[in-house]
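The same chain A turns up in both complexes below, where it pairs with chain B and then with chain C.
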Partner chain A sequence: MNARAEQLLAFADDELIVGWRDSEWTGIAPTLEEDVAFSSIAQNEIGHARALYELAATELGTDADALAFDRQPDDYRCAPFVELHLMDWAHTIARRYLYEEADRVRLEALKAGDDAGLAGLAAKIDREETYHRLHAELWAGRLRDEPRFQEAVEELWPYAIGVVEEEQRPELARRVGLELVEANERGSHTPALAELWDEMTEVRRSAPGATW
Partner chain B sequence: MTAAAVWAALEEIPDPEIPVISLVDLGVVREVAVDGAHVRIEFTPTFLGCPALEVMRRAMEEKVEALGGEAEVAVIQDDSWSTDRISPAGREKLREAGFAPPAPRAAGTTTLLQLQSKAFRCPYCGSTETRLENIFGPTPCRSIRWCESCRQPFEQFKTI
Partner chain C sequence: MVFEVFRQEKKGQPFTHAGSVVAPDAAFADAWAREQYGRRGESEALWLVPRDAVHQVTEWADEFDLKYRRVDGYSIKERLRIARERAGRATPGVR
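Entry: the complex of A and B
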């Protein structure tokens, strides 16, 4: 696989899996407003994943659905950060906040990069992410003085670093005001991914090739 | 078949989620090129996760087929669609249907301060005494605001 396809898949897998995790709040978020917010954010993230898979699919001679659902868990290139099954609100908001900060650093680099197709798509994605960042900013502001939130941010920070490339890490650390530490790197998976994959691909595996 | 005939046919397609406005008013059709029976339509998605995109694409193909042509819908995934592309007539139709049209992109990247300001006008009574209820709404393209004057919620198009 070429470097472009690798890069696209890493980004697409992050967006698909984080979107899946966000969607786990649909129907059970603490308030109706957050139910709507998390569902909408999940829909956007999975939409970004689809667009990125489509670009990758032209490199790899396949299609977006096959890339999203037909690979084995070990073949996904997502960062361990997005896999974690976090069902308490402090950790959920801490991940949304840290993920959006990391994603912004990644998007800014792609927008300025030489790959015109990817730069154009990154610019489009960034427009939508603006609203995710505002949502995260609102919540991070509200919870800033809560010890549970501070602990969650600290606990998840090494994972968040693993989302971006080595050279982008000092910038990410500067933006969130945390010290650089050893990252939980992309390349291996947490047990949470296999569980998520089982659920996510169940319909696809039970009815291969089905269309709606 | 002429490009003008195709444009006229596309103008009859309502947005699947907000049927008061057509795909042409929405600004998602970037170009129409006719070569004999072959019609190439350049289409720019609104939000990437919008489930209406597939419906729009099929509707465009059906319109071209009804004209006796063969459609090729090329989806352009870059930053060329913006809410600024919604036509003035389209903005008016949105307002009449109770959707506050989007602010222009020129106002810069949306900030919390802007969203929480009173710069947004209620589509029902015209008051700017409105406040943000939720950045997110029933579809990715909309936020929810509350009008203090006529005391009802309304949907505000996000600027992208």
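Entry: the complex of A and C
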């Protein structure tokens, strides 16, 4: 697999898995309004994944659904950060905030890159991310002095920094006001991914090749 | 805080009441209403109005049964037809 396809898949897998994880809050978020907003944002992330898979699929001679659902868990290139099964709101919103900040750094780099196709898609994604950041930053601002949120941010930070390339990390650290630390790197998976994959691909595996 | 949400479907159309959001402040109301009332491209614009800012009127004085002010049973259609005939044209806009 060439470097471009690998880069696209890493980004797409991050978006798909974080969207999946966030959608687990549908129906049980702290307030009705947040429930609708959080679910909508999760769907947007999955929409970004689809667009990125489509770009990767032309590179790899396959289609977006096959990339999203027909690979084995070990073939996914997502960062361990997005896989974590977070069971409380403080951690969930801390991940949402840190993910958005990491995503911003990644998108800025892609928008400025030589790959015109990817730069165009990054710009399109970024226009939607503006509102995701608005949402995440509101929460982060409101919870900044809340110890549970601070602890969650600190706990997740080594994972979050693993989302972006090494040269982008100082910029990410500067944006969130945290020290550079050793990252939980992309390339291996947490046990949570296999469990998520099992659920996510269940329908697809039950009827291989079906169209919907 | 309750924010009443008014939604404009297309440019130039009036804003109509769409529902409300409960939010701690205007910034959260913005983030939430955006997703709740705009994520399907169904809105051109939203107005978010704190419910406290709405001045409500519910008391009416109608002591003298002034029926002649109402339009009940008053056929505008018929009057229009007669007016058009008088103007010498059968349908509006055709000269």
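Just so we're on the same page, the second predicted complex is superposed on the first by the 212 of 212 C-alpha atoms of A that agree within 3 Å, B and C clash if a C-alpha of one lies under 4 Å from a C-alpha of the other, contacts with A are read in each partner's own complex, and residues count from 1 in each chain.
We adopt the following convention: contacts are C-beta pairs under 8 Å (C-beta built on N, C-alpha and C of every residue); 3 or more make two chains touch, one makes a residue touch a chain.
If you're wondering where the values come from, they're calculated on a predicted model, not measured in any experiment.
**Student:** Based on the superposition on chain A, does the combination of chain B and chain C result in a clash or a fit?
**Tutor:** clash
**Student:** Determine, for the superposed model, which of the two partners chain B and chain C contacts more residues of chain A.
**Tutor:** B
**Student:** Could you tell me if A:Pro191 is touching chain B, chain C, both of them or neither one (first, second, both, neither)?
**Tutor:** Neither chain B nor chain C is touched by A:Pro191.
**Student:** In the superposed arrangement, which partner chain does A:Leu121 touch: chain B (first), chain C (second), both, or neither?
**Tutor:** It touches chain B, and chain C stays clear.
**Student:** In the superposed arrangement, does A:Pro30 touch chain B (first), chain C (second), both or neither?
**Tutor:** neither
**Student:** Give one of first, second, both or neither to describe whether A:Gly113 is in contact with chain B, with chain C, with both, or with none.
**Tutor:** neither
**Student:** When the two structures are overlaid on chain A, which partner does A:Ala51 contact: first (chain B), second (chain C), both, or neither?
**Tutor:** first
**Student:** Between chain B (first) and chain C (second), which, if any, makes contact with A:Pro170: first, second, both or neither?
**Tutor:** neither
**Student:** Of the listed segments of chain C (23-31, 59-67 or 77-85), which one clashes with chain B in the superposed model?
**Tutor:** 23-31
**Student:** Which chain A residues contact chain B in one complex and chain C in the other?
**Tutor:** 33, 36-37, 40-41, 131, 134-135, 138
**Student:** Give the list of chain B residues in touch with chain A in this complex.
**Tutor:** On the chain B side, the touching residues are 47-51, 77-82, 109-112, 115, 133-140, 144, 158, 160.
**Student:** Mind listing the chain A positions that touch chain C in their complex?
**Tutor:** So the residues of chain A in touch with chain C come to 31-34, 36-37, 40-41, 131, 134-135, 138, 142.
**Student:** Quick one: which bits of chain C touch chain A in the complex? Just the residue numbers, please.
**Tutor:** Residue list for chain C touching chain A: 21-24, 27-28, 30-32, 34-36, 39.
**Student:** Enumerate the contact residues on chain A facing chain B in the complex.
**Tutor:** Going through chain A, the ones touching chain B are 33, 36-37, 39-41, 43-48, 50-51, 54-55, 120-121, 123-125, 127-128, 130-131, 134-135, 137-138.
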